[in-house]
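Common to both upcoming complexes is chain A, partnered first by chain B, then by chain C.
Now for the complex of A and B:
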């Protein structure tokens, strides 16, 4: 029994733009409704996912901002924030709210361009604890750099493995017109020229900061052959700081959310055909694959080296380009992953369509593993 | 870093909580000041609050069985022992400050605010009394009266140099003239402990010449702070040729402990910042003389065109035109290069007693709403 259906999806390009937050939100909203073949009159409630509207732009109360895109409609609506997992958490909430509402619109949106770099780095760092992390200068790349250091010490992972992920995801993004780096070819020489951000992570180990929006209409019932069933929805949390945990090479929240989602979907990890995982940094894709049970801890690198996770491999990971090259419009990212998996499961992914797409998974992480939302979707059958 | 452990069920918390969430038992505070590095990253990207890069973040396994992130100014290896910060007791040293001018007051404010003990020596009791009132007013802007009393309890102000005997470091910040500085430095040294370090806050007088009058030139150097000392992050650190390497190390470490960024420079006329600034101000004055633009226009052009927070003429008024003329004359004398000579308009304003903000008139009229007077 599916948890619900994704009956329509829409997404803007992820990347820098002069469009305002309301403009981005409207673009994704209209696209999702059109895709669903619905009008706003069919929508019973909406959820807005956003992370930095307040700190970056002084924009809060975003459910009411979105209400301003729908003058006179006055729907129930609310905003959810769980750092970079805001979008995935909003999808989870939408599914839960189907007990009350028939059709729920989830709208993830973020604007980050134009914010001075040092301020943006601080703001993104708010995903870490104020006292335990931020005060000690542990910004977001530095958090994942420590995870990478621990993973390298524990399992012998190398910076070459990180580079292979970057190259793969950049190559994939060249087939995705909505990707941040659709127009940019990234080759080994670019990676070699990348400056160190937080050792061992260099420029091309890090996702870009993107503007963008993504929307999905989540419904109680299937509408037609393009409605995609959500087979499992798992959400879990963990203490915000690495200092509050004993394991630093894996995220317990992701393991728990995956277990819930697999159990609901009645599948095992090996049943997943393809996945969109939260590769905010290259090391995060390795941790994701291991947390999702695609392999044993420490074994993800052999899948990467063997091309298993490439788009023509047996388990494509981030065929959209991921966050790394597809872009990371933080509040929109989790919804954008759903957009991508729905497109693939419908066979509507164009140039980047995968050969086998029966069961797809999204893995959306907030902070350095503090929140994780995982969704398993199946083809309409 | 303060953490709480539950003695009953063993839960650990990173926050200053009173009770355990699970069993409601009162929590016990643990304070681990050292641990072993589990992972280290060199951070090269600056952020607000962490502007200076690179710095290092280490994930520590602390001795109480928890873990912590520490920020370090130097790399460490995995497995290396790390002490978290420095405890209050170790950080608190006794610093002497000579002089009650703008820099003297600013330094005392900075040092008390950073938790140091301060011995403040003035030329006369009356100048000390006036400066002390100003100091209290400034401190009271950022702390309540209990805290103010506590901080002032760490201040020993007087006119007797003998009090310098308990200082670890003494900073001279009297008038920017060679002979008076020599006299005060010599007198201070004779009252100081043999292991203490003596520094001058000169903005560029020859250190070798100042060192000549000292018995222990090896423990002498320069800490050139910038006004206002509490807010400006740069310290130009310089030492004369015969100074011990350890003295330079002490001076840079002291600057860093105050949250400043030390830049080590050779002892050259006016060091670096003023050497660059003086021609800039002089050329701005020349533009004004040539009627290229008004003072306000010149300042606005430089602010926007060079991305400076202040224009050169408003900055000159803040520094004091007499001070600027002295520095420029000194540069001409020491470099034998007349291009440093102050422009006629600068000399004229000083001759008329218009020295800038301190006399309410310089390039601008500071007694009324902003407006150029020349």
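Now for the complex of A and C:
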């Protein structure tokens, strides 16, 4: 039995904008309500997913900020923060909340533009441990670089494999008008010219930071043929720092969340037709595929080399462009993944519509695997 | 039917400490598990309530920080932030989550010591609107001062009424070994000597900022005679800034949350035996009493003057000392209120045990009424 239904979705473009955080939130909120054919009066509770509103801009208490966009509505609502997995966690919470609330609005929003680079790096680093990571400079490019190095040592993964992911996702984003790099053609020469960020990761191995918002209305009951059943929802956590873990080529939280989501959906990994995974760095897409059970550990690269995860392959991964090229508006990312899967499952994905889209999956990670939320959506078998 | 049961509670002392945020969290977590007679292996999910971990210390992604305290446990978990109502919202979420998870650990934690005063004032101010409040210097003492002024103009409330609340709550805290001001005797001369913070609020009208943590295990089923039924849980929001509202002597979010909680508990306000309310400023206790329906608007002062809300009165309010004297460890406060009500309902409140404690209420506010979470606990009628 479905855990709930996504009855409406909305999303702004991800990328730099002059719009304020509340303006972005309002744009996605209105789009999701319109898509659902509902008004705010039909909503029973709302959840705001955001990561850096406080450190970046001095904006906390965002449930009350959003309440201010809806005068007189006075709904139950809160903000959730789980680093880059905030959006996916909000979707999980919305499903839990259906026990009491019939229609729950999930709103992910983030604003990153205009924050000086060093400050932004420091703020994003707050998703790593204060004592174990931040003081040592073990920020996220560095952490994922360590994961990449260990993956290369263990399985023979190469920088060429990472490049293939970047090229694929940038090509996919060219079909997605809401993608951060929709307008940007990225070819091998661009990748070759990329500076090293944290070896082996170079510029085009890293996602951008984006402004943006995404929203979804999640309901206890289906409204119509466009309502998308959520078949499984898995959430798990792990110790925050790589220094607290023994395995560095896989994220236990992702494996646990996937097992839970598959069991709840009563499917196996092979039943998934397409996936939006958390490719904050190219290596993260490889780890995601292995954690999701799309292949054995170390075997993701053969799928990538064989074109299996390309949009015309048998298991398209990040057909939207992913975080890498679609953009990463941190608090909005997990909700944006749900937007994307819903559009595909409805056959409304336009130029990026996949040939086969019956079961779709979202995979949203916080930190370097400290949190993972996974959702399976589509037709119940 | 109860919404769930509080089967265990734990709390650190609120007040300045050299313990780190994770150490505080661990202390409360262990105490709550021990009190419940459970181990972490019995817990199915956890929620961390925290307000300023990011801006104060660079600690975000706190669900993963807590996961690091529990090696190999890898539970579903997240952090919630709703300004000073974070803890109460976490309790509400835990109850919602019982649809899926049998035993949910709620952990509120905050660390405020050692942050320079101006920075802390700025950070706390993030619970007000960036555009409407913060730039104008409308921080929380200023906002509550405006509420007090309007209440005085409308209802004839006096500074003497505010003093009576401060004296009562400080006296109550002298019986609470976990209170911030347990050791501090406060008499009229102290109050008279207090500097004006934001007129009419003086030093002893303002709660301190505290370090501290509180935890509760909330379960689908009762474990034993010490399990406390949660009869009602109400949550509501309002626009964040006073400038967005027409009424300034009452918080609509609190009225809505109270109505919801009473309806769910199938009680009326007169059935409440005692309450822990959000007295971040003395005026807030007056507004709380009126919003909770303990009396008509403007009539709270007569209850206070008559000793009705004193610990030996017929409706004790903040027998713990409240935020005013018990302390305000922001993210922990709402969970700490639940700790206190549970102790009273069990008859385990020691020197501060109330004579009549069958139905207790918690009232937890974020910002200047932007969020309110209310819980009713005790014996079902």
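Following the convention adopted for this analysis, the second predicted complex is superposed on the first by the 378 of 381 C-alpha atoms of A that agree within 3 Å, B and C clash if a C-alpha of one lies under 4 Å from a C-alpha of the other, contacts with A are read in each partner's own complex, and residues count from 1 in each chain.
Heads up, the rule we're going with is that a contact is a pair of C-beta atoms (placed from the backbone, for glycine too) under 8 Å apart; a residue touches a chain by one contact, two chains touch by 3 or more.
Keep in mind that this is a model prediction, so the values were computed, not measured.
Participant: Pick one for A:44: touches chain B only (first), chain C only (second), both, or neither.
Facilitator: Neither partner.
Participant: Which partner does A:241 reach: the first (chain B), the second (chain C), both, or neither?
Facilitator: Both partners, chain B and chain C.
Participant: Using the touch criterion from the header, give the chain among chain B and chain C with more contacted residues in chain A.
Facilitator: For chain A, the partner with the higher number of touched residues is C.
Participant: Quick one: is A:89 in contact with chain B, with chain C, with both, or with neither? Answer first, second, both or neither.
Facilitator: second
Participant: In the superposed arrangement, does A:271 touch chain B (first), chain C (second), both or neither?
Facilitator: A:271: touches no partner chain.
Participant: On the A-aligned overlay, A:74 touches which partner chain: chain B = first, chain C = second, or both, or neither?
Facilitator: Second partner only, chain C.
Participant: Quick one: classify A:122 as touching chain B (first), chain C (second), both or neither.
Facilitator: both
Participant: Pick one for A:55: touches chain B only (first), chain C only (second), both, or neither.
Facilitator: In the superposition, A:55 contacts chain C only.
Participant: Name the contact category of A:133: first (chain B only), second (chain C only), both, or neither.
Facilitator: A:133: touches chain B, not chain C.
Participant: Quick check on the output: what are the common chain A residues between the chain B footprint and the chain C footprint?
Facilitator: Common to the two interfaces on chain A: residues 122, 125, 129, 131, 134, 239, 241, 244.
Participant: So in the complex, the part of chain C that touches chain A is made up of which residues?
Facilitator: 20, 45, 51-52, 54-55, 57-61, 63-68, 71, 74-83, 89, 92-93, 96-100, 122-123, 125-131, 134, 235-241, 244, 252-253, 256, 366-367, 370-371
Participant: Please give the residue numbers of chain B that touch chain A in the complex, ascending.
Facilitator: Residues in contact with chain A: 1, 12, 14-15, 38-51, 55, 57, 59, 66-71, 78.
Participant: Given the complex with chain B, which residues does chain A contribute to the contact?
Facilitator: 117-119, 121-122, 125, 129, 131-134, 136-139, 141-142, 145-146, 149-150, 153, 195-201, 239, 241-245, 248
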